[in-house]
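Two complexes come next, and they have one chain in common, subunit A, joined by subunit B in the first and subunit C in the second.
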Partner chain A sequence: MKFLIVVLVALASVAWADEKCDILTRLKFKSQWNRAYSHGHSREDFAEAIWRAIFAQAPSARDKFKRVHGEDTSHPAFKAHSLRVLAGFDIAINLLDQTDALKAELDHLEEQHKGRNIPDNYFDAFETALLHVAPAQLGRCWDKEAWKECTELIIHGIEGH
Partner chain B sequence: MLRVLVLLATACLVASDSQFCCSAEDRHIVEEQWDTLWHDTESSKLKISFGRLLLLKLAKEIPDVNELFKEVDIANPEGGKFSAHAMRILNALDMAINLLEDPPALDAALDHLADQHQKRPGVKKEHFKKIGEILHTALPHVLDDYNAMSWKSCFKGILSKIASKLNA
Partner chain C sequence: GRGQHSAPSGSERSVVGCNSIIAMWYLLLLAGLAAASAPAPEPSFKERRLQYIVTNQNLHVDKLFDDIKSLEKKFSKLGGDVDLKKVRHIKARVSNLEGDGCEGEHEAQCGGDVPECISDLFFCDGHKDCKNGGDEDPDTCSEAIAHVGSSYTGLASWSSCEQHQPHHAVVVITSSHREDDFQPRILVKGVLTLEVDEESHIVKTTQLSGYYNFGQRELVLDPFGEKTTGNYGVRCEFNLGDDDHADCEIVIPSSLHVCAHFNAERH
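Here is the complex of A and B:
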């Protein structure tokens, strides 16, 4: 009996360690994200910081945003666009604990990105930007691993691979 | 007090079309009252339920709407597809409210939403009028502080801008 319990516990912890963006990590990420995402002007600043960090890493990515004035991150059309993108990301994060709805949203986002020929390194630039701006916004109380694992889960869903 | 209200109402009527009488103070009030809803980590569940109720009520009042939301599986409102869609709609409202204090960016965001709805044949201006009515009935149920004047004046502008590219 004892042996069985030990084996079970061992198995459970293996399973636990295996899933990186597990349910507890999702909840943590979600609550920290809600704090970083903020509202009003400070949300606009958060979005602008992320986009400037993206373009600093991948200047050629600006070409993808010609229609929404990607040459100037403080242009109203670009501000609106950057907030739209973050809003899509926000939906996915908020659905992390609701499997079916999360699946539907990731499929929807994948559909929206299809055909735009977005190279993987642009998504990497987004992740890096986010992982640098978030702690600047949150200070000490943030868990880098949690953000990394769950952000990657969402990005992979959007990329479709 | 009454005199001030009358004066304010007149000022709104006189204001030009583009100035849809949603003053800086109105915007601030709306943003602050809305923000009180989203402090909990579980707020996404509230967002989904609220969005779901909003759309189902619209479909009940104007049954033609059911057809328009067929693609997102309105027949199965508790399902993942419709839940995600309810969340998307609520998030669009959230984005608009959070941009109230930046009118040029708000305008760009609403213009994009207008384009997205123009592409959907069958979507009509009256649907947005109804959504406005439903919102004004529903919001006081979830918000302890609800300043009807501010919300109405700001939402009139938001919803009519989103519906501005529709023919009917």
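Here is the complex of A and C:
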């Protein structure tokens, strides 16, 4: 009997650990994101730092952003674009604890990215950039694993696979 | 010479030449002997007067030399120039009191004549953001502070959290790394050592992990890893004009509540 309980507890904890970006992780990510997302100038700079880090990893990704002056990350048109991207990401993160609404938002974002032939590694570059800039922006109290798991959940939703 | 001329090949001419050379040497020798026995001629009055003047002039120069020496001695007693390091420290302290005029949490000063603030997320990333390029200045972007092996020591005095008497605190950098795609921070690991009790040599160590921020010239380290015995983080601001002195705080990581303070020096 004792053995059975031990096995059951072990199985349960494996199942728990297996679920990435679980509800508590989502809440943690959400609150840390809101601190990092910040406001005003600081938000603009946060967005630009992320895009610089993306283009540092994948310089060819700039070509996808010709329409919004991707050649210069400090161009007003590109700044506006980068803030729009973060705004979309922000909506998705804030809906992480409302599954249906999250699904609708991710479907919407997937629709917007469809047909642009965005290779997976550009999405990877976004994730890496976010995970490098976020701790610099937060300065303290950040859970890398939580950010990684939940960012991947959102990105996979946008990629559609 | 003789042996040479006894050779059968010696001609009449060379024998005559040889004889005349021997005669010359003989005469020279005689003249030398005569000179040695004669008394040396007295220097003339004119010459002595010249010598007198030369000696005098030398003495005069010697006196001037002594005068200069004593003047130099007096001058050296006036105290030397101020050490350039000291000047840098004072300038840094004055500018700390003036403040940098940057409002946001993440803003830092470009430096130079015209004040300008930019985000510390843009310092040392290879892209000039300050109008004067101050954010990419080699001094600003020096990695020296975060070099592996750097250690910063000071006397920590606690104002809350613990009841320790003032004791030594040491921060040692054990690893450092800079991401290729995000250069404005150096990721560092380190160890905080608190020499709590000098007699029994009880030492508390905490493994730290954090970063160096070029724009703010700030080293931020929080506890990390499971083998940690302490639960304090460290924040050091290198605001004294060089890479060797910092204003450090021992803090509670979650709230940044300041527990202790120490003026750190590189060792």
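Convention: the second predicted complex is superposed on the first by the 149 of 161 C-alpha atoms of A that agree within 3 Å, B and C clash if a C-alpha of one lies under 4 Å from a C-alpha of the other, contacts with A are read in each partner's own complex, and residues count from 1 in each chain.
FYI, contacts are C-beta pairs under 8 Å (C-beta built on N, C-alpha and C of every residue); 3 or more make two chains touch, one makes a residue touch a chain.
These numbers were taken from a predicted model, which means no experiment stands behind them.
**Student:** Looking at the combined model built on subunit A, do subunit B and subunit C fit side by side or clash?
**Tutor:** Result for subunit B and subunit C: fit.
**Student:** With the two complexes superposed on chain A, say which partner A:A53 touches: subunit B (first), subunit C (second), both, or neither.
**Tutor:** second
**Student:** Under the stated touch criterion, which partner chain does A:I118 make contact with: subunit B (first), subunit C (second), both, or neither?
**Tutor:** neither
**Student:** Give me the angle at the C-alpha centre of subunit A between the C-alpha centres of subunit B and subunit C, rounded to the nearest 10 degrees.
**Tutor:** In the superposed model, the angle at subunit A is 110 degrees.
**Student:** Taking the superposition on A as described, I'd like to know which of subunit B and subunit C A:A77 touches: first, second, both or neither.
**Tutor:** The answer is first: A:A77 touches subunit B but not subunit C.
**Student:** Scan A:Q137 for contacts with subunit B and subunit C and give back first, second, both or neither.
**Tutor:** second
**Student:** Pick one for A:T128: touches subunit B only (first), subunit C only (second), both, or neither.
**Tutor:** second
**Student:** On the A-aligned overlay, A:H41 touches which partner chain: subunit B = first, subunit C = second, or both, or neither?
**Tutor:** both
**Student:** More residues of subunit A in touch with subunit C or with subunit B?
**Tutor:** Of subunit B and subunit C, B contacts more residues of subunit A.
**Student:** Quick one: classify A:V85 as touching subunit B (first), subunit C (second), both or neither.
**Tutor:** Neither partner.
**Student:** Which value, in Å, gives the least CA distance between subunit B and subunit C in the superposed three-chain arrangement?
**Tutor:** Here the least C-alpha separation of subunit B and subunit C stands at 13 Å.
**Student:** In the superposed view, which residues of subunit A touch subunit B and also subunit C?
**Tutor:** 40-41
**Student:** Residue numbers of subunit C touching subunit A in their complex, please.
**Tutor:** Residues of subunit C touching subunit A: 104-107, 119-122, 125, 127, 129, 179-182, 184-185, 211, 213, 220, 222, 233, 253-254, 256.
**Student:** What does subunit B use to touch subunit A in their complex?
**Tutor:** Touch list, subunit B to subunit A: 31, 35, 38, 41, 43-45, 47-48, 79-81, 83-85, 87-88, 91-92, 94-95, 98-102, 104-109, 112.
**Student:** Going by the contact rule at the top, pick out the subunit A residues touching subunit C in the complex.
**Tutor:** Against subunit C, the touching part of subunit A is residues 40-42, 45-46, 48-49, 52-54, 56-57, 74, 125, 128-129, 132-133, 135-137, 139-141.
**Student:** Touching subunit B in the complex: which residues of subunit A?
**Tutor:** Touching subunit B from subunit A are residues 27, 30-31, 34, 39-41, 43-44, 76-77, 79-81, 83-84, 87, 90-91, 94-95, 97-105, 108.
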